[in-house]
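What follows is a set of structures to go through.
Look for chain A in each of the two complexes below; its partner is chain B in the first and chain C in the second.
Showing the complex of A and B:
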């Protein structure tokens, strides 16, 4: 539906793969005001359809691919798009976010979002050019890895003059085709990795989508936005995290900090330190392997690394991959991690879930629960194992199920490191208990970002007491709401780190940073007031450029308080949606290793006091004792319960 | 003698990953980091044998001193 707001293309397209019908899905300006875009827009669309009886691999499921109003607006790090669907890995709604250029080209094609339903009889790829949808057979592409698929698509997009029409694409690899439960969707070298979105696309027999067009992405107040963007870029470039650490070391730069703080998941999360951490560190990656830094469209942070594998320049590993395929399996061979990272992207498989499933299998073997031939620190055959997972051959057919299902079959649920069925990220939460809470309550399962990333306060950026439960629930809620809205608007979550004033990060030994570290856990009450009544912050914060940028692009009034309320709405909407599929307090769980066993025998607090944290968190969120949003809260947030 | 290790952006700036030092105090050592001014060194997180220490800390022979830049974002 046409829109009066800038930043939106005013059109959501629904594609039924079974009938090949294409129509416009109504999405009004009132809905844009409430549900913005990205994962929240997707949750609204899914919420309008899902009753809670649907199955991931069925025609009742749908894949909603969304952009945000900031996508392609020229704002910093604004190239993001999102894929939401019913996850085959968790059985709940998942959202998987990705950089690259597909979001930008989807908007250039004139669309804010795509809803894909049904399934194709034969492998198919979709061409979307300026809003027009063309179905193409993909028999020739089926079985191809993601790199070859994208090269083949570019061949198809060649113009009569031989040039490739500018386009953005997403595709799946063999893992998606074979419905590995944690298969990813790949776009250039970027990946919508989590929750098995690639498996759903594979079930639909949809190999790829290619978007192109020349529609204008409108910005409501162009001159003001240009000036604001210049200031915003400058601010991000000056900030110690977004201007120094991430550009110079990438996310890999965290390995050393995590080691020092006991956060480095090691040997399937049984420890927080790895003796050989230097060999898999971001410093070593930068000094010996990084060829060049890369970034997504309009991103000043440029966190992506480029390394050489088999004579090709390819994307380097992120922190999660380095840790979980490094210390996580007691491997100190960095070159092997570089290769696996490339191979997993080529196969179209989430590196986090794959690595954690392998480390679970290694421990199950070590404990005599499952004779599978996998051993910690023995890595020679892992490339072949990954290939087998993608093709569901031999042991790969079992590993393709993820750690939750395997632990239910072979035992060892206490060391199957997942939440709601999705494997945890690389941070060992017993030395960052706020993040432990975040992992447990995260809507999509074991995710550090959807979990609120409290670890940035608990030892990485700041040094708040990592094992106290004080203040963590309220801070987690604040961060979750903030990141939810940044994601919904179409921007990268890394821009949220600039929310923490630069002096606090630049001067960790200053009296004021020490004061903040000491006092923050006891500010839960003040944070709760802000969480509960965000509208009191009817201003734009000088350190947080997102709100003014959002106003200039869309023309919507968006002071900080409203921005936070939109984030809260998004978080609760996903929770309400997942309630229909059975989420409640019992599903907000972590494996016993993390809640019942201390990481450091000398520190009785080095475990996640999850039940205590959950109680405070539910209360802070205004949820009932069963961890569900009350009807009153849903009404207040304009969320319809079913 | 103390063993000094550098991590994060500080290590890239220093151009070395580790060295040994005869410095007697943390304050003295902060002025001895290669390519890092004393003022810049004051803004690095310091751990001695894995734990935080006071600014006035006096080294014991064999201490391992880690200088680390604050970090975030993964």
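Showing the complex of A and C:
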């Protein structure tokens, strides 16, 4: 439906792959005001359809690909798009966000979102050219890896003059085709990795979507936005995290800090330190392997690395891959990690879930539960194992199920490191218990970002006591709501790093930083007031450029308080949606290794006091004792319960 | 007429440009490129006219730049 707001293209297309019908899906300005875009817009669309009886691999499921109003608006780091669907890995709704160029070109094709339903009889790829949908056979592409698929698609997009028509793509690799439960969707070099969105696309027999067009992405107050963006870019480039650490070392730069703080997941999360951490550190990556820094389209931070693997320049690993395929399996061979990272992207498989499933299997073998031939620190055959997973051959067919299902079959649930069936990220939560809470309650399962990323307060940005439960639940809620809205608006979560005042980051040992670290755990009450009544903050914060930027792009009023309320709405909407599929307090769980066993025998607090944290968190959220949003809360947030 | 067009070309303000690459992506004939060095303590990003001969001087890059770091000038 057409829109009065800037930033939106005013059109959502619904494509039925079975019948090949294409129609416009009504999404009104009222809905835009409430559900913004990105994962929240997708949750609203899914919420209007899902009853709770649907299965991930069925025609009743749908894949909703959304952009946000900021996507392609010129705002920093705004090329993001989101894919939401019913996850085959968790059985709940997942949202997977990606910085590739597909979202940008989807908007240039005149669309805010795509809803894909049904399945194709034969492998198919879709061309979306200025809003027109064309179905193409993909027999030739089926079986191809993601790099070759994207090159082949570019061939198809060649113009008579030999140039390739500018386009943005998403595609799956062999893992998606074979419905590996944690298969990813790839766009350029970037990946929508989590929750098995690639498996759903593979079940649909949809190999790729290619979008192109020349529509202008409108900005309501262009001149003001240009001036604001100039300031915003400068701010990001001066900030110690977004202007120095991330450009200098990428996300891999956190390895050394994580080692110091006991956060470096080692040997399937049994420890938080790795003796050979320097060999897999961001510093070593930068010095010895980084060819060039790279960034997503529209991003001034440029945290991505380009490295050389077998003579080819390819994307370097992110922190998660580096840690989970490094210390996670007791491997200090960085070159091997670079190669696996490339191979997993080529196969179209989530590096986090894959690595954790392998480390679970290694431990199960070590403990005599499952004779599978995998051993910690023995890495020679792992490339072959990954190929087998993607093609579901031999042991790969089992590993393709993920750690939860394997632990149910072979035992060892206490060391199958997942939440709601999705494997955890690289941060060992026993030395960051706020993040432990986040992992457990996160809507899409074991995710550090959806979980609120409290670890930035607990050691990686500030140094708040990492094992106290004081204040953590309220801060987790605050961060979750904030990041939910940044994501919904179409921007990268790394832009939120600038929310932390620069002096606190650049002077960690100053008296004022120490004071903040000491006081913050006791500010839970004040944070709760802000969480409960965000409208009191009817202002624009000088360190948070997002709200003014949002206003200039869309023309909607968006002071900080309303921004936070929109984030809260998004978080609760996904929770309500997952309730229909059986989520309750019992599902907000972590493996016993993290809740019952201390990481450091000298520190009795070095485990996640999950039940205590959950209790405070539910109360802060206004949920009932069973961890579900009350009717009153849903009503207040304009969320329809089913 | 072609000669006239060829006389125009983009000048990138290196102090302002943040290397977001929107101009590179939107150049119709791919004559802009991003020079992305390893991090050396200062980010001097970093778009440059890689193929001045091919440049049409169409001005799309200047129009699309979100921070107006590009101006079109006549040779």
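Please note the rule applied: the second predicted complex is superposed on the first by the 642 of 642 C-alpha atoms of A that agree within 3 Å, B and C clash if a C-alpha of one lies under 4 Å from a C-alpha of the other, contacts with A are read in each partner's own complex, and residues count from 1 in each chain.
The working rule: contacts are C-beta pairs under 8 Å (C-beta built on N, C-alpha and C of every residue); 3 or more make two chains touch, one makes a residue touch a chain.
Predicted model, so just to flag it, every value in this text is computed and none were measured.
**Q** For the combined arrangement obtained by superposing on chain A, do chain B and chain C clash, or do they fit?
**A** fit
**Q** A:435 contacts which: chain B (first), chain C (second), both, neither?
**A** Neither: A:435 stays clear of chain B and chain C.
**Q** Please work out whether A:477 is in contact with chain B alone, chain C alone, both, or neither, and reply first, second, both or neither.
**A** neither
**Q** Looking at the overlay, does A:163 come into contact with chain B only (first), chain C only (second), both, or neither?
**A** second
**Q** Is A:248 contacted by the first partner chain B, the second partner chain C, both or neither?
**A** both
**Q** Kindly classify A:318 by the partners it touches after superposition: chain B alone (first), chain C alone (second), both, or neither?
**A** Only chain B is touched by A:318; chain C is not.
**Q** In the combined three-chain arrangement, what's the angle at chain A toward chain B and chain C (CA centres, steps of 10°)?
**A** Spelled out: centre of chain A as vertex, angle of 80 degrees.
**Q** Comparing chain C with chain B, which touches more residues belonging to chain A?
**A** Chain A has more residues touched by B than by the other partner.
**Q** Have a look at where A:286 lands relative to chain B and chain C in the superposition and call it first, second, both or neither.
**A** Both: A:286 reaches chain B and chain C.
**Q** Once the structures are superposed on A, label A:303 by its partner contacts, choosing first (chain B), second (chain C), both or neither.
**A** Only chain B; A:303 stays clear of chain C.
**Q** Report, in whole Å, the shortest distance between any C-alpha atom of chain B and any C-alpha atom of chain C after the two complexes are superposed.
**A** Least C-alpha distance after superposition: 7 Å.
**Q** Which parts of chain A are in contact with chain B and also with chain C?
**A** Touching chain B and chain C on chain A: residues 248-249, 286.
**Q** Within the complex, which stretch of chain B touches chain A?
**A** 7-9, 11-12, 17, 42-47, 50, 52, 55, 66, 68-74
**Q** Residue numbers of chain C touching chain A in their complex, please.
**A** Contacts found on chain C: 16, 18-22, 25-26, 28-30, 36-39, 43, 45, 66-68.
**Q** Can you list the residues on chain A that touch chain C in the complex?
**A** Against chain C, chain A makes touches at 73-76, 101, 104, 163, 166, 225-226, 229-230, 233, 237, 243, 247-249, 286, 290-295, 297-300, 302.
**Q** Within the complex, which stretch of chain A touches chain B?
**A** So the residues of chain A in touch with chain B come to 240-242, 244-246, 248-249, 251, 253-254, 256-257, 260, 278, 281, 283, 286-287, 303, 318-320, 425-427, 448, 456, 460-463, 494, 497, 500, 505-509.
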